[in-house]
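Next up: some structures, all given as structure tokens.
Next come two complexes built around subunit A: one with subunit B, the other with subunit C.
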Partner chain A sequence: MWKIAGIELESRLFLGTAQYRSPELLRQAIAASKTQVVTVSLRRQSKALHGAENFWSIIQQSGVHILPNTAGCRSVKEAVSTAQMARQVFNTNWIKLEVIGNEHTLQPDPFGLVEAARILCGEGFSVFPYTNDDPVVAERLLASGCRILMPWGAPIGSGRGLQNEYALQILRDQFPHTPLIVDAGIGAPSHAARAMELGYDGVLLNTAVARSEDPPRMAKAFANAVTAGRLAFEAGLIQAKQKAEASTPVLGTPFWQQDNPGSPL
Partner chain B sequence: MRVVVNGEPREAPPHVSLLDLLRTLDMEKPYIAVCVNMSCVPKFQFESFELQENDEIEILVPYQGG
Partner chain C sequence: MNKRAAVVGAGVIGSLMAWRLSKSGWSVDLFDQDEQPTRNCSFAAAGLLDSVGALEDAEPLINELAGASLEMWASIVKALPEPVFFQRRGTLALVHSNDMEQLDQWEHRIRRLNPTAAMERLRGDALFAIEPEIDRRFQEGLYFPLEGNIDNRALLRALHRQLRHLVAGMHFGTHVENLSIGTVQTATATRTYDQVIDCRGVRASAPGIRGVRGELFVVRAPDVAISRPVRLLHPKQPVYVVPRSKDTYVVGATQIECEDYSPVTVRSTLELLSAAYVIHGGFGEAEVLESVTQCRPAFNDNQPRTFFRDGVLHVNGLFRHGFLVSPKLTELACELLEHGTLAPQYKPLETEATRCA
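Entry: the complex of A and B
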């Protein structure tokens, strides 16, 4: 069990709910992932928005915690208004705060993000900021009242994995008591496992499951990878070395290897 | 009077309440959120909130998100 924003969870995998080929695949993927937190958005009510009522029904029946997002917001005002509306609809103070600053990479606008975080934290929100891997921005977010950080691994939906492990490791080392969740860019279960091996507290992903050929099976793969990565972190990974070191003891090496006692088996 | 609902111009009776507008549009649902001129309107104010000429109203519902 671990705790984030006042809630105890067993799963460390947060799952997005977009881009599934059918509502049934979404339902199956949520179940297979064993996630306890899913992200959702708010969109304009219109006839073009197919299946909105069915979607909400599936999410409610799944019994998971809701993490609403401010996806698509490009200004502080938009993000704050969307968060306030999300609190009404979903009856939660949790908000995944996105203030997008670049159309090409969809990377966060750190200036708008910090300002929106300051306002929302002041209004009692538990802000989950989608941020970059810059420790200076991380410090400003924490000073704004955030208690959680969600640095990206790579651009949203790119599936490129952890593009800057060095920076992510610095964040982990510099903020050892802050829950850190890699959000965005995860493409394969091995990417998620690696994030967890670095000591991250969780992983948030969407496209890698939703756009796979078999989303429920991929969701299960990610669940296992996150568990494996966390276990590995807790067990303590060995340090990589420059040269080989025999794993089989050399003591008692049979006579026919005496000429070369250091050779590994 | 003219108001804008989710980006589309509409005619509404003068001084209509937000709740009545939602009912007229068949959008009075338990899971909606509304903001008027970029300010969120709490549900308990829907009935007393009087709309003005050229108000811009956004009505949002839960949807897929990453």
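Entry: the complex of A and C
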């Protein structure tokens, strides 16, 4: 059990709902992932709120918490009004805040992000900001009222994994009590496991499951990887070393083998 | 005396059902709410017969139905009294160099699901030998030599004209208020039949059916000479340009999860038409003849279905694949009607979709 934005959760995997080949595959993937939080994009469907009952009901019937997002918003104004609309539609003050600074790389715009976060936190939103891995931006977001940070692993949809583990580690060390979730860029379960090993509180991903050949199976793979990574973090990873260290004590090994460094221990 | 059937809905699947049943001795009444059925999903389609390429986001069953349907279209078109534009000159799929992985993934998925699929990777001159006028920024693509396209509107018109001679009654412009086992109720009459067949798509009483919005454009582009359908892969949705009759092209189509018929948005306009413009600069001077919004009928798994429910035969959920699969699906629905069951490999089509609303 862990807690984020006032809610207790078992699962540390957050799942996106876009790009599935069918709503049925989405439903199966949600079930297989055992996720308890899914993120939904309002922007493209804003006009569809009354026409997409069938689609929404699949998500609602899966019994998960909905984290609306402002995907694709490029200005503070656009992101803020999308968040306000989402609050009404989904009856939640949660918002995954995206302010995109570059259409091609989908990099977050840190300046717009901080400003939008300040406005939304002031309005009582629980803001989950999609940010880069810069600790200064992270500090500003926290100063704006955010209680959660979601740094990227790599550009959205790229599936490249954690591009700057060092920066992610610094964030973790610098903000030990802030829930940190790696959002974007996860391509393989091993990437998700690695983020969890670093001590991150969760991972959020979409494309890696939705566009895989078998989304429900991949969702299960990610669920296992996130659990494994978290367990590893809690268990305490050993430090990597420069040299081999025998797991079998040398004591009791015949002396002629000790003399020969090339022989198997 | 002949058995009597009512087919409700004169889109591509309803029209083919009426045609097929009439030819095998049924006395058929065909109903549609429109005087000229031009407001339905089939009329709005592009007529792209991408039997292999559809595997990008469809299941292998679609591929199988589509392959059989392509062969059947040839004989259907031949049997019609007037010419309908239908060609099997292949189709092309292009990708921006930035999105090359998408083409790789697409090719990989198709190869995995159908190792013998007719598909070639083309580069540079080999690509331009197929379609000389496409923009030189595209250096790589996939060619599907056996795919084709059909003028969906001409086909529907021709089919309807022939059906007027074949069926017992054409009830166009007639709203069906209610249908049930053996009866069809309109504002003015309740008629009885041996079999009622519901082909109304989104408006059908089939459980779990939803509408998926799609938008497309019809343009006239005299400066463009592209002779086969060209798709441009895009992270969100593939955009295609499908040649119709002389100088006319269909540019489609968005796919948005909502049942909404309001006019095409600016965003969709920009996405679709800029993609066409990238494929061929000549689209810059094209005239926009039409912008079309429709909703495709789909079950939750986006697979078509034919099944009995309370004595009514349903054929529905053709989604983006109406023209792609309807000839074979018609055969299968008739098989279900005549024998009460389908061959084992087609059983998934008979499964009633679960209701989710």
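Keep in mind that, in the parts below, the second predicted complex is superposed on the first by the 246 of 265 C-alpha atoms of A that agree within 3 Å, B and C clash if a C-alpha of one lies under 4 Å from a C-alpha of the other, contacts with A are read in each partner's own complex, and residues count from 1 in each chain.
What we mean here is this: contacts are C-beta pairs under 8 Å (C-beta built on N, C-alpha and C of every residue); 3 or more make two chains touch, one makes a residue touch a chain.
Predicted model, so just to flag it, every value in this text is computed and none were measured.
Novice: Scan A:Ile58 for contacts with subunit B and subunit C and give back first, second, both or neither.
Specialist: second
Novice: Where does A:Lys77 make contact in the superposed view: on subunit B (first), on subunit C (second), on both, or on neither?
Specialist: In the superposition, A:Lys77 touches subunit B alone.
Novice: Where does A:Leu142 make contact in the superposed view: on subunit B (first), on subunit C (second), on both, or on neither?
Specialist: Neither subunit B nor subunit C is touched by A:Leu142.
Novice: Looking at the overlay, what does A:Leu25 touch: subunit B (first), subunit C (second), both, or neither?
Specialist: After superposition on chain A, A:Leu25 lies in contact with subunit C alone.
Novice: Under the stated touch criterion, name the partner, subunit B or subunit C, that contacts more residues in subunit A.
Specialist: Tallying touched residues of subunit A, the top partner is B.
Novice: Looking at the overlay, does A:Ile170 come into contact with subunit B only (first), subunit C only (second), both, or neither?
Specialist: Touch status of A:Ile170: no partner.
Novice: Tell me which partner A:Arg211 touches in the superposition: subunit B (first), subunit C (second), both or neither.
Specialist: It touches subunit C, and subunit B stays clear.
Novice: Identify the partner contact of A:Ala228: answer first if only subunit B is touched, second if only subunit C is, both if each is, neither if none is.
Specialist: The answer is neither, since A:Ala228 touches no partner chain.
Novice: Hey, what residues of subunit A end up touching subunit B and subunit C alike?
Specialist: 44-45, 49, 52-53, 55, 157
Novice: Along subunit C, where are the residues that touch subunit A in the complex?
Specialist: Contact set of subunit C toward subunit A: 57-58, 98, 105, 109, 112, 208, 210-211, 213, 235, 256-260, 262, 265, 267, 298-303, 356-357.
Novice: Show me the residue ranges of subunit B that touch subunit A in the complex, using the header's touch definition.
Specialist: For subunit B paired with subunit A, touching residues are 6-7, 27, 31-35, 38-40, 42-43, 58-66.
Novice: Contact residues on subunit A for subunit B in the complex?
Specialist: Touching subunit B: residues 16-20, 26, 39-46, 49, 52-53, 55-56, 59, 68-69, 71, 77-78, 81-82, 84-86, 88-90, 156-157, 206-207 of subunit A.
Novice: Spell out the part of subunit A that touches subunit C in their complex, as residue ranges.
Specialist: Against subunit C, the touching part of subunit A is residues 21-25, 27, 44-45, 47-55, 57-58, 61, 104, 157, 211, 213.
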